[in-house]
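Look for chain A in each of the two complexes below; its partner is chain B in the first and chain C in the second.
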Partner chain A sequence: MNKKQINNILIWFSAIILIILIMTPGLWVVLTAFRPQVDVMAKPAVWIPRNLNLIQFETMLFGGSEGSMGRSPIPVLSYLRNSLIISFTSTFIAVLVGTIGGYGFARHNFKHKNKYFLLIMLTRTIPGISLSLPIFIIFSKIGLIDTHIGIILVFVALNIPFTIWLTDGFFRQIPRAMSEVAMTDGCTKIQAFWHIELPLSRSGIASAGIFAFLISWNEYALVSNLARSTDSKTLTVGLMDFTAQFTINWPGMCALAVFIIIPALILTFMVQKHLVTGLTFGGVKG
Partner chain B sequence: MRKFLNGPWVLLMPTLIILTCVVLLPLLLSLWTSFTPFKLTKPDTLYRFVGFRNYERLIGDLDFWIAFGRTVLFLAIALNLELVFGLGIALLINKITYGQRTLRTLMMFPMMFSPILVGFQWKYIFNDNIGLMNNFLREFGVIQPIPWLVDGILANVSIMAAEIWSSTSVFAILLLAGLLGIPKDPIEAAKVDGCNSWQVFKNITLPFLMPFVFIAMTIRSLDVARAYDIVQMMTGGGPAKRTELLWTLISRTGYVDAKMGMANAMSYISIFLSIAFTFFFFYKLVEARQRLSYE
Partner chain C sequence: MAKVSLQGVSKFYGKVQAVKKIDLEIIDKEFLVLVGPSGCGKSSSLRMIAGLEEIDEGIIKIGDKEMNNLEPRERNVSMVFQNYALYPHMTVEENLGFSLKIAGLAKNEIEERVHEAAGILDITEFLQRKPSQLSGGQRQRVAMGRAIVRRPDVFLFDEPLSNLDAKLRNQMRTEIKRLHQKVSTTIVYVTHDQVEAMTLADRIVIMKDGIIEQIGTPLDLFERPATEFVATFIGSPSMNMIKASIVKQNNELSMKTNDGIIVPVPKDKQNSVSEGQNISFGFRAEDIVPLKFGQKPSSAWEMQSSVNLAEPLGTETLIFTNFGEIEIVSRMFTPEQVKSNDVLDFALNLDRTYLFDENSGLAI
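The block that comes next holds the complex of A and B.
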């Protein structure tokens, strides 16, 4: 064996270890969701999965089959509904507002532009828990605690900065000349935006949207304090509530975790390519 | 009016209005509250100004400083390790030609995990009774279960492991994007001139990567506070405050003890900490970018 072959083997060996380290924790949780409680608690551990079943999911969605402990104690459907309503609405509004803002930054030069950009980004820096304190005080005065509207409002503000960052990058990749030509041909500025720049940056806006959706879907610190009941608690808060209990039903909790991960999994793979270009473009070319 | 409609401000107006209402005004309220002895149980106290009393008490509060120090230390260790591992992974994937895209996609796996989910899966792995870690160790004869999340040092290490697992890929992905964009000519030229691979890495690859390092750091510093979710899930700051970070302390003081005034004073300190982190890396990014364009 020559030096190059040994090198190659080493590289592949490290790559395989890397994949194992990355995949194992998540896969173990997914696997547990399908395993019987007895096997999960068994000592010594049962390593080869057997008797895989869907009992946890049935219990969660349909309130338990006959012979099991009856209705599921976890209101998963309420959590799921809240998560979907809050994430979709806040994403839609954030993308609408953020795209317009991103266009403003990409196509206009004005005094202290970079400072305004940085200032908007800095609002994202504020730790969720710190922001939740004053918002909690305000919301309890005006009755927005434990409502969808209140949480959606906060999530919109949370998502606008990143949407601006991404769309600003994508708009700047489109040559200004294209819309200028359209405007000399008699288009108004809004028409030029609508017919030229918007379609060209469609994929960028879509990935900004998916990114915003993921942030809303995964958020915990703010919702956990602004939501008080199943009226507005999301899946992440639900997972936390039931994991904090004294006796944890691990397979059940893992099933709930699977509910959270699946939409995120699908959406991330859809945007992975655009995400990297978007973030680095905005950053490097300044 | 026409000038206003054609200018950038009409486009930025919705953004500014929303951010003012949801972020700026609450922050002002939070600033005011930090100068009052406001308690959720006594609403009147919101209007009693006590000056810097909360801040003065914080200066003498040992629990607070321990949590503060732990937070800074935690971030310093976690961010540096993430950078080193991320760089290593990026260099590794860069070397692989066959299956590179698949590897890159797999790398993104942790990025889609909600911090709460990251906390959950590592709480499960480090569970002393049925966790993967102790089950695995038992196969090698470690019969006595190791109390990962109970022992002070081990609990901090476990949380660090979760944090690093979840965020290293941000560095790996962005640095890989940087590596793929490096022009090949200077590297070839340096090799012809007799540079070894370490010299090439140090003098060509690394300077070119620096802006990407700072982009990754800036993006990361925007959401360092998500460690709150992970800690809250894994240990809740316990046992006996051994894993308390600034953010879990704020949450406990504000919502459990209902001392809103004090919690807001703490949260102002945490906000300055976050902003300082972000500013530092953003400044470094601008600097690195300029240096690159001069050369």
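The block that comes next holds the complex of A and C.
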């Protein structure tokens, strides 16, 4: 065996260990969702599942009656509706505003441009959860607690800086001559943007979109403070509904977790191609 | 009818003045080349005509209409860029038809005009390809096709050949010239390559540091350079240029180089210089010939010097030799072998010697 082969084996070996480390908790969540509470709570632990079932999903979605915890007390469909509305709307607004912002930073020169850019990026250095109290106080004063609009607003604010950063990098990689040709070809500035620069930065915008969506879809801490009822609680916040005073319905909670993962997974696969080119593309500019 | 005129046009980038109050009249259907070293303001001037840069001072007119406040799309000009700037997400056909689609033309008319342009440039077979599937020369042709499809009043070329390799560049140069004959539209062409400028232009504008050094036909500039810069810029190899001061010798004014070599001032220039004046005198490689292998000019000044280096090019041989301390180049048209260190007698044709005032750089 030569040096190269040993190297390869080492790389594969560490990759497999890493993947196991990353995947195990996720796999455990999925497994737990399909197992009866007895198996989940058993001591010593039952590592290899003995019997799998769909009871938790039936209970969650259709309020089935024979579940271990009786009729589902959890309005999953309302949560799903909230999650969808909040994630899609906030992503749409963040990508729209962020793309325009990114274009502005990439293509226009104005006073203190770099300082503004830094300022916007600095907002991302503050941990989101530390903002929860100020946001809560402000929102309670203006009546935005437990509303879609309130939560959407928070996510838009969280996602715009990243979208600006990512799309700025993409627009910078499109030669200026491209839009200049379009303009001598008879386009207005907006037409040149719409017909030429926007399609060329598609993968960047798709990447920004998927990131914004995942952040909104998976966020827990902030929303748990701002959402009070089925009017605005999202799926992730709904996870806590499975804890009662003395018991935790682990299989139920995991079933909901699986339910949360699926749409994110589907979406990620759909834009995967863009995402990969997107991340490498943006990486060049750094 | 599309003449273009620039009147006192300036361009500033911050405090730097890239173009300094230039005046230029471009005649209808003329092929005008702006040439100069990088940073001379040629591209800025072109971009101001296109409307891609604001005109900070002066007026630009196309036809009789002032363009200063018009958007690029309102000027009816087409521009071809150095990096082609083809739309990568469109096929060649869509690239060519894009401007017509934006203008709202009917589908069949767009198709007709695209095919006409594709025919002129011989790119019909590539119409369904994407730009990434084309070679450099093909891309260049598509970029030109996109420009001619619009039937603009003026074509603007910004160093269109500098991304091509030497062989292709020569080929495309010929095609651009042919294109101009076919479409007979005013062309303003920017390049830093004086050979391109000489071969393509009806008239050349030589720029340096934001001002126009000289405007004229290629032969004008070659034969009658107005400044020292133009003399050295035009022609290949570059004109030999030697610093000297005017002295009086035997009742005749002569040029004394820093090495003490004395060359008589040409007869027709005797009255234009005065004793003590600092000048540069220049002569082209073909005007100093090795006596053994060339014809002696009628008013010759002779010197002896050894060959530093010889570059045989087939039809001619370039001989590098010393004029005092300064290396000069001589062009020999006789197919004879010349070796380094050969000592030759050279004859300088005084009638074809150019004199420039050292302070102003202007021709004497």
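Observations on the model:
Here is the rule we go by: the second predicted complex is superposed on the first by the 242 of 286 C-alpha atoms of A that agree within 3 Å, B and C clash if a C-alpha of one lies under 4 Å from a C-alpha of the other, contacts with A are read in each partner's own complex, and residues count from 1 in each chain.
The rule is simple: contacts are C-beta pairs under 8 Å (C-beta built on N, C-alpha and C of every residue); 3 or more make two chains touch, one makes a residue touch a chain.
Not measured: the values here are computed from a predicted model.
More residues of chain A are in touch with B than with the other of chain B and chain C.
Shared-chain residue A:Q191: touches chain C; no touch with chain B. Shared-chain residue A:P199: touches chain C; no touch with chain B. When the shared chain is aligned, no partner comes close enough to touch A:M60: not chain B, not chain C. In the superposition on chain A, A:L144 makes contact with neither chain B nor chain C. In the superposed model, A:A208 makes contact with neither chain B nor chain C.
Of the two partner chains, chain C is the only one touched by A:A177; chain B is not. By the document's definition of touching, of the two partners only chain B reaches A:N218; chain C does not. Contact with neither chain B nor chain C is seen for A:A255 once the two complexes are overlaid on the shared chain. When the two structures are aligned on the shared chain, A:A15 is found in touch with chain B, with no touch to chain C. On chain A, the surface touched by chain B in one complex and the surface touched by chain C in the other have no residue in common. Chain B makes touch with chain A in their complex at residues 6-9, 11-12, 14-15, 18-19, 21-27, 29-30, 33, 38, 46, 89, 92-93, 95-96, 103-117, 120-125, 130, 132, 135-136, 138-139, 165, 169, 173-174, 177-178, 211-212, 215, 218-219, 221-226, 228-229, 232-233, 236, 247, 250-251, 254-255, 260, 263-264, 267-268, 270-271, 274-275, 277-278, 282, 285-286, 289. Partner chain B is touched in their complex by these residues of chain A: 11-12, 14-15, 18-19, 21-26, 28-29, 32, 40-41, 43-45, 97-98, 100-101, 103-105, 107-108, 110, 116, 118, 120-131, 133-138, 153-154, 156-157, 160, 164, 189, 214, 217-221, 225, 236, 239-240, 243-244, 250, 253-254, 257, 260-261, 264-265, 267-269, 272, 276-277, 279-280, 283-284, 286.
By the touch criterion given at the top, residues 175, 177-178, 180-188, 191, 195-196, 199-200 of chain A touch chain C in their complex. Against chain A, in their complex, chain C makes its touches with residues 50-52, 71-73, 75, 77-79, 81-83, 85, 87-89, 98-99, 102-103, 146, 150, 156.
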